[in-house]
Amino acid sequence: MVSALAVFFLGTHKIIRELLSIVSLALLTGLLLMRIVSPVSDDFTWQYMPGFFTLSFSLSSFGLLFALIAAISGLLKSFASWGINSKGYHALFHLMMGGLMILLSAGDYISFFLGWEIMTWSSFMLFNNFSSADDPIEKSQDTGFLFITLSLISALLMLGVLFFLYNRTGSMNIADGVAWLHGVKGLPSWIPGLLLMSAFFLKSGLLPFHVWVPGTYREAPHTFTAFLSAALSKVGIYAFILFFLPFSLNEGSGQISYLIAWIGAITATVATFKAIEQNDMKGLLAYSSIGQMAYVFTAMAVGSSLAMGGALFQMVNHSLIKLLLFFIVAGIIERTGKTRFDQLGGLIYKMPFSFIGVLVGIIALAGMPPLSGFYGKWMIYTSLIEKGWLLVLTGIVLPSTAAFIYCYKLIYGIFLGHPTEVNPEEAKEISPRYRVPSGLLMASIVLLGLFPGLILKPVNVLLSDLGMETLALTSQGSLNAASGSVSGFMVMNVFGGVFAVILILLSLFGKKAPTRNLHRLDIAYAGELPTEQTPLHYGRGLGHEVKRVAIAGAIVKRSLTEKYMKIGNQLGGILEHVRGFYPGNGQVSLIMTMVGAAAVALLIGLKG
Amino acid sequence: MLFTIFNSLLAVLLTYSMGMLYYGFYRIGNARIHRRVGPPLWQNVIDNIKLFAKREAPGHGIMFHLGPVIMTAGTITSMLFVPFLKDSAWLQGFSSYGNLILLIYLMVVGPLGNALAVGVSGVPFGVMGVTRGLTRLIGLEVPFFLSVALLMSGSGTISISEIMMAQDSFSNWNMMAHPAAFIVSLFSFVGMMGASPFDVVGAPVEVYSGPQAEFGGKYLGFLAAQRVMFSMVKLILWVDLFLGGATNVFILMAKSFALFFFYFIVGAAFPRFKTEQAVDFMLKLPLIIGIGAVLVRFWSL
Amino acid sequence: MKIDIKGIWGALSSLKYLFQPPGTLRYPDVKKEAADGYRGFHDNDLSKCIGCGMCEDICMNLAIDMVKPKSEAYLNAKNGSGLIPRLDYGRCCWCSLCTDVCPVNSLKLTKNYVYVSEDMNRFIYTPGEEKLGKREKETVK
Amino acid sequence: MDNLNKKDKAQLKELKSPMAVVDWAVNWFRKQSIFMLAYGTGCGAIEIPPTVTARYDAERFGVRGAATPRQADVIVLSGYLAVKTLKRVIRTYEQMQEPKYVIALGSCPINGGMYWDSYNTIKQLDRYLPVDVTVAGCMPRPEAVLEGFMALKDKIQRGEAEGARDYRDNIEKYKNNQKEIFGDKMLPGYTCDWYFSDGGSF
């Protein structure tokens, strides 16, 4: 039934496109909503529907979670991008949705691969054809090329491994392949496992395959970036859970799990320092996405119930936060036309709603209590301590502490400091179509902060489906672990209470010592008199100090993207020599090389 | 509930008076090392009351107003999640609802809230101070987290009370049981207390007083008051975690003063690191000791 | 990694001052005599002053005016002009030219150098006639 | 260290109403804690270090340095003030929070000092800023500076150190005087506009 839904999305969309030929977003949203609501009311059961070929579709509880995230993100995104997109955009978007649904409900290799490819290609065309980058500096061609090349590599790796698995098990069913993967010990299972894992890491943007993420996020249409970050980046996690989760639970796979945990930690570190370096709102959020997803992988590598709960919590949180932040950023870009921190600033009193939105977003993103972001991190940390992986813990504490800097940079660069290129007199609050979904998202972030236990019920269902122990749930307001508990409800109340008391106290002083409302330029500036032209906004430079720290400097200076491009170009050059008759340029040659490599992989797969 | 609220007020008063006393000592001690006489012991209280008695305060809108409030609220909230005493119903605050990881993160809420006010005031020097503070935090948190993680995994619990309870005799104090963790945490401790050589954030000469550049009058009064309370919270946390906790207020004061004296000695004797030097230092020596301790732990198991 | 033992130990050696008496001069209680030849406020021995006005002439800051004293009793017999110098401490820079040039050595610089006033107009004074104490309230009525 | 010395106790006994006691106490706290912004304009800056360091240790009297004008109570102007300097001094003074005090050191702020015929220094500081205490000397020695602080403390305790109020009430006069000096290079409006309105508060 759910796979039918997925197909129905396609159908719906095609009907709209072919018959109505205008995009009626209201109808679309309504349809989406209905389709979202109905599976929720379903029980968490497995459903099969044999299709043509031997396609089998089934939606596990995990698949449902991811489908829900995607659908809700899509719904909010459609609302936010009301009336700004063309027909083709919607067509592609829904094609991608359909691909995603096929992927999430796939029961066999072919449908899995099909969904994967539909999703990848439609999202590629989406961001490439409807790019938001009008800045000539942005290297749009390179970004697209990088994205598609890496996607191709990932797809071919996957194809090879899937063929290999088919060859081994004689069944197209994913479950059989997974069972085989976990059944075989030693090298034969490691190599396909690692190859497959690389494919998934690539989709989620883990090191060293993260290079496509920042450019893509930066150049995708603003609201589509929100969707990319909130929903599409989760596909890698879904696939990882599908193929490898029992693997990391397996006692014998300690080293591999440990390796994955470290990959997560290192990715987070690199991405965080890169994010601090960004001068572009969407670029910063893109790197931050990479970092946040990396925590999820680290948590999944730990593999305990608490860690899985933390991973899922973190993932849901990340979707909420990134939707919120990208929506607001999209709204700001729409209002001001500026994307960089050195162009913005001082908008707080003109855009109070967006300010509060970003504030909620960054508090949750930095993982600070009392909002929801903390509790995901808390579960991950606690599970790491319980597991005894203290060095990994240190490895992820480093980026999550450094994350404070980019969080502060995000809010400072846009709202605080002084206005630079945007005239504050003309600035207006972001439009209501961004405000409504942002408000909903803010409310849910605060609600999850107040009642972190709310997430435990669905998480427990998922955990029992995976055959893991469920997490103890004492009250909606608190989280429990073997080694301690935390009450979000209490934290929020205590903080709020203290805050109120001190605010009242301060206001009492206000009678005796009134606050003088000063002009924006009337600041302690060493006796000097700043003028409107004085560069007082610190938007670009904020975080530059981090670069002088040895480890951060080493990370920031190196660019994997450039290295990849260099390798690609050199490879292309060589190929051009070898195949002089080939008319294409280096980049096309690289693709050809990849195709060749894939064919070899395929052959090996078939033969083996 | 009333008892808890009364206890909270008591905690605030206790930390405030302890803090003022300790920092009074700090100023006199510092003066002696400078070969000066120094101010009277209660000079900090006088300064604080005077700041509240100022007739006006600078303002840059509502967010500027809220910054010190968030800062103070963050301090007091984290104070309420630290148990002051063991084997006692007094001065426990809300510590049964939280744990060490929560506390570490709660301690950052206040400064970040204040950073918003600094940002909105529009003083670039203040923002520079904030960036330095956040950068320094990278260096401080990593060894600190490593040391408390050693403690937490060693005690099998993340609750501060339980870690404190487990240290029933002197040989069981965590500074004896986990000496490496203690040494590593001391580096972070000195940094978190804002002493030299890690005091570049508020360096008056270099960044025009750092984050507090634009605060005056009652705002500065609140910030000064919360600063001493925050220091006391950290001291008490270290007493709880490493020095075996305290069964009554006098033992608490004795132990925390011992720690404070260490902080005073380091802060008074050493010159200042630059930001990146501070982070590099913290990511070298303390981190290496910490990693060594982890490795020893798991090889010996 | 090199650990700078000397740097650590050397810095800690400053702690010895914690146990030594401070080197502070506790000013209002303990006062220190100024060195010989210190140039403090002026004093004019009116029994010697001849009112020649050379101090007024030589002063490059125009800090000295020759004025009539409050009472004739301040004038001695040799004072031909009937005027005595009046100092403006809003001008004086203690260059000591006036005392050097004084032919009868009546104008001198004392070792008293502390004078504080809440009113900026009270820095004009006639040496010999009045004495500058440390606080304006106590001296100028 | 003159915390509640005999003079203070005698004063306290004379007070009748509770409000007077509160005022007296507030003034006492103000005088015991003075955050100083040492504005070293030239030669006089060198007299501040001995005043606050080991030899004379102004911290005994509760005097300590402040980093920014927002935190300072007193601005110590040491010596001659060029027109350019005066602009910064006025800017700094206006940024301080009431109650705020000014101590002027040396001859130059009183009547021009040795720069009496200079084209670009001001001659009488109290035309442009309300000066609370002036210390004679060129430059005054640290003892004299300390006496200046003690005179200021007396004035604060008496409740008469209200230069800030004077400046606020006579802002037109002061601004006109400043305008004579600065001409068309007057401080921009945002620095002092709030003096002419009620300022606004919450």
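Order of writing sets the labels: A, B, C and D. Residues in every chain begin at 1.
We take it that a contact is a pair of C-beta atoms (placed from the backbone, for glycine too) under 8 Å apart; a residue touches a chain by one contact, two chains touch by 3 or more.
What you see is a predicted model, and the numbers here were worked out from it, not measured in a lab.
K.L.:
What is the set of chains touching both chain A and chain B?
P.N.:
For chain A paired with chain B, the chains in contact with each are D, in label order.
K.L.:
Which chain is the middle one, judged by CA centres?
P.N.:
Closest chain centre to the overall C-alpha centroid: B.
K.L.:
Going by the touch criterion at the top, tell me which pair is linked by more C-beta contacts: B-D or B-C.
P.N.:
B-D
K.L.:
Please work out the Cα centroid separation of chain B and chain D, and write it as a whole number of Å.
P.N.:
Comparing mean C-alpha positions, chain D is 35 Å from chain B.
K.L.:
If you average the CA atoms of chain B and of chain C, how many Å lie between those two points?
P.N.:
Roughly 50 Å, centre to centre.
K.L.:
Roughly how far is chain A from chain D, going centre to centre by Cα mean, in whole Å?
P.N.:
Centre-to-centre distance between chain A and chain D: 57 Å.
K.L.:
So what's the Cα centroid distance for chain C and chain D, whole Å?
P.N.:
Computed value for the inter-centroid distance: 23 Å.
K.L.:
Send over the residues of chain B in touch with two or more other chains.
P.N.:
In chain B, residues 31, 34-38, 53-59, 65, 208, 213-214, 217 touch at least two other chains, as defined above.
K.L.:
Would you please write down the residue numbers of chain D that are in contact with two or more other chains?
P.N.:
54, 57, 60, 68, 70, 95, 201-202
K.L.:
Going by the touch rule set out above, which residues of chain C reach two or more other chains?
P.N.:
Residue numbers touching two or more other chains: 22-24, 26.
K.L.:
Could you run through all the chain pairs that touch each other?
P.N.:
A-B, A-D, B-C, B-D, C-D
K.L.:
In their shared complex, at which residues does chain C touch chain D?
P.N.:
22-28, 31-32, 41, 60-62, 88-94, 113-120, 123, 132, 134-136
K.L.:
Chain C touches which residues of chain B in the complex?
P.N.:
Those in contact with chain C are residues 29, 31-38, 265, 268-271, 284-285, 288.
K.L.:
Which of the residues in chain D end up touching chain B in this complex?
P.N.:
My answer: residues 1, 3, 26, 29-30, 32-33, 35, 53-54, 57, 59-60, 62, 64-65, 67-68, 70-71, 73, 95-99, 201-202.
K.L.:
Quick one: in the complex, what on chain A touches chain D?
P.N.:
By the definition above, chain A touches chain D via 507, 510, 514-522, 524, 527-529, 531.
K.L.:
Can you tell me which positions in chain A touch chain B when the two form their complex?
P.N.:
Residues of chain A touching chain B: 346, 348-349, 355, 359, 363, 366-370, 374, 377-378, 381-382, 384-386, 388, 390-391, 393-394, 397-398, 401-402, 404-405, 407-408, 411-412, 415-418, 478, 481, 483-487, 490-491, 494-495, 498-499, 502-503, 506, 509-510, 512-518, 520-521, 523-526, 536-538, 542-543, 545-546, 548-551.
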